[in-house]
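Can you read through this structure? Questions will come right after.
All chains are identified by letter, namely A, B and C, in their written order; residue positions are counted from 1 within each chain.
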Amino acid sequence: MEVLLNVYQQQRKWMNAILGIAIVTVFWMFANWQVDSELFFVGPWRVVTYTYGLFASGEILDDLRISGIEFFWGYGVAAVAGIGFGMVFGISRIFREFFDPWLSAIYATPSVALAPLIIIWFGVDLTAKIVIVLITAVVPIVLNTYTGVLSVGKEFQTLANSFCVPQRQVLYKILIPGSLPYIVTGLRLGISRGIVGVVVGEYFGAYAGLGYQLFKGLDTFNMPLMMSCAAMLAGTGVVFNQVILVIERRMAPWRDTQLQE
Amino acid sequence: MSSSIQVEQVHKTFMKPTGETVHAVGGVDMDLRPGTFYSFVGPSGCGKTTLLHMIHGLLPTTRGRILLDGEEVNGPTPNKAVVFQQALLLPWRNVTDNIKFGIENDRNMSATERLEICDKYTQIVGLRGFESHYPHELSGGMQQRVNLARALAVNPEILLMDEPFASLDAQTRLLMQEELQRMIDWKNSGKIVVFVTHDIEEAVFLSDVVFCFSFRPGTIMKEIKVPFPTPRTLRVKEEPEFLQIKHDIWELLADEARKAMEE
Amino acid sequence: MSKIQEIPLEESQDSSFVASVKTVYNRHRIGINFCLSVVLALLTWEFIDFVFDDPDFFTGPVAVIIEFGVLIHEPRFWENIRYSGTELIYGFGLAMILGVVIGAAVAFSRTLDEMFSPILVGLYATPRSVAAPLFIIWLGLGIASKVGVITLASVFPVIINTQAGIKNVQGEFRMLGRAFNISFWSMLTKIIVPGSMPFLIAGLRLGYSRSVVTIMVAELFGAEAGIGYMIDHATQTFHVAEMMVGISLLTIMGIAGNEILKGVERWATPYRKTLV
């Protein structure tokens, strides 16, 4: 008994994390057992086997490919453009004063609401969906980069100035590393928004994609399909988020880790 | 080549965003000659840092002008370097890379030469073994020593130091005072050194000339020459003449300090 | 050098018209730039409309306002606003309460923190509004399912920020409280609540913006009424002006709520500069 307690004390962080997941899973299974109707609810095991089935039969692969393309292009462009514009807004006083009111408006605007307009302008093909992902994901990236640049203290500018560092170098020696934590937060927030963008984009006319399957599941009352798609979308979010965190830890070893936004 | 600096009737007035103004420096004249070590002492808030930054070219003067070899200073140049009052280390650079900051753009230096210089000054400020530490992993005094090494690494003709030893412990401080003289060797290299400190003994020990500042708006109350030959050893501090100079400055500043406290 | 302005050596003696315009501009430059940027944006918007000249494709601000004037006479329009407004109030209200309670629970209990924080942080990274169709099956096409999705989508920023805020002050000031021998209750009211307020409000602002987005997403998956429903309907019938009215309404909701929360932030934490 004492030995067990000791092990628990030493490893309590991991043990508790596993315990937490176990509690949620058991709760989920219990709910499933109570409801006992696949029309309304599906247990965790069924989600896993159903997802496996989708992969084994290969029927989901095309959807994954389509959604993947939409996400990668949309998010990729959003990352580059978002960081670029955020930097410009932060650095240039004219831009800042001119666009600052817009930035706080953009912060408050539900950018997915623009999705139907994009569809009307670009048609229902891939480009439209990429643009939708782009506009949904870009907002937090721009805003956080902008805040990040402003958060880099003026005294570091003075320092660079004092050692005669050329303005061009100030960008990559001071401003980019100084705002990196904010940029990373923006990139992380952009992921889940981009995924919502994928789903919304596919609502307006699509013939494949995870979002499309989600809507198909709703139309055909196929609960396992819906839960499986939702789980895959959620899982993608978690995985990409972790990837960015790992990259950050590699690139920014000077930071006190474990910060949340 | 050695340079000289003339400070002519320099004033500095700050305006706060509220519109309130602060007259920080009020008409300073000085003539800084090569191969000389100068100290600024004076009550807190009397404009020492402000004057130092104006000499460096980081701040414009409100009135008057500062000449470096006959030409008006209008911005930092590579022949000047400053040790800031706050360490101002880049949090994303380790000790070596922070020290390297000022010499990265020197095209006459190869990468290995730069590393050698960093290495040398890391050793001098006693941070051997901490090369790859980041600023948040260093103590306040260690950060301050990186700040010092960063400016020394530039090997400037004009070295401006703003309370570089303020956060060191008393023993390290004494050692650094002796070390600093050997490190800079201003007599032979014709450098100008300006050193701001609150420690009168330190000022007298290190300097050829001590400038005593009045309370805000800061002006020079007295310019005191220290006759002992350099480099000095700590034993100088016990000589009667040294104690006399120290005592005179103390008397002079005590009144000003009282004014500063009453403000 | 940042916030100080240098006092000019001598006031500009140039009394020409250009010079006086310049002085006025410099004095009010932030306000003037703001107005300029708004006017310029509206003009650009109207100009694009003028170039395309195709109301099935694009409509300018004038057309949107005219459409708005038409729509306010339709009871259906007000029904949509009422519907979405109700979703937002219940959904975000629930998210606020649950978020603060759960956030405080995981901040105060180490065991709960270790058990559930990994799950909470994981869920925070997921696109939660994709659960909308599940809620429609569980709770029907009406308001209840939307409230559920909105709560789910916006509760996590509130939880995470509440927790971070409390942990932050606890870390900094627990020693202070101990040193002055302060009771738990005073600790809570004098240190923890005010100290974590900036974080909490930042979380509320993030959560609120999620709520407004989720109105749109949730109603797409099926609704009886609402602004998202209205936009969707207008899209199917290629009625661009009505779409734009809907989008503007959601934007106004977003901006209004955000401004209110900013006001609360200024009122509750006068000692802090705003943080995004």
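Here, a contact is a pair of C-beta atoms (placed from the backbone, for glycine too) under 8 Å apart; a residue touches a chain by one contact, two chains touch by 3 or more.
Given the structure is predicted, the values throughout are model-derived calculations rather than measurements.
**Student:** Looking only at C-beta pair counts, which chain-chain interface has the most contacts?
**Tutor:** A-C
**Student:** What chain lies farthest away from chain A once each centre is taken as the mean of the Cα atoms?
**Tutor:** Result for max centroid distance from chain A is chain B.
**Student:** Return the distance between the CA-based centres of chain B and chain C, expressed in whole Å.
**Tutor:** About 49 Å separates the centre of chain B from that of chain C.
**Student:** CA centre of chain A versus CA centre of chain C: separation in Å?
**Tutor:** 18
**Student:** Two or more other chains touching the same residue: where does that happen in chain C?
**Tutor:** 1
**Student:** Touching at least two other chains at once: which residues of chain B meet that condition?
**Tutor:** Where chain B meets two or more other chains at a single residue, that happens at 58.
**Student:** Can you list the residues of chain A that touch 2 or more other chains?
**Tutor:** Where chain A meets two or more other chains at a single residue, that happens at 158.
**Student:** Name, in rising order, each residue of chain C that touches chain A in their complex.
**Tutor:** On the chain C side, the touching residues are 1-2, 29-30, 33-34, 36-38, 41, 56-58, 111, 114-116, 118-119, 121-123, 125-131, 133-134, 136-138, 160-161, 164, 209, 212-213, 215-217, 220-222, 228, 231-232, 234-235, 238, 240, 243-244, 246-247, 250-251, 254-255, 257-259, 276.
**Student:** Spell out the residues on chain A that touch chain B in their complex, using ranges where they run on.
**Tutor:** 155-156, 158-159, 161-166, 169, 173-174, 177-178, 180, 252-254, 256
**Student:** Given the complex with chain C, which residues does chain A contribute to the contact?
**Tutor:** Per the touch definition, chain A meets chain C at residues 12-13, 16-17, 19-21, 23-24, 39-41, 94, 97-102, 104-105, 107-114, 116-117, 119-121, 143-144, 147, 154, 158, 188, 191-193, 195-196, 199-200, 203-204, 211, 214-215, 217-218, 221, 223, 226-227, 229-230, 233-235, 237-238, 240-242, 260-261.
**Student:** Can you tell me which positions in chain B touch chain A when the two form their complex?
**Tutor:** 56, 58, 75-78, 81-82, 84, 86, 88, 90-94, 101-102, 104-105, 134-136, 150, 154
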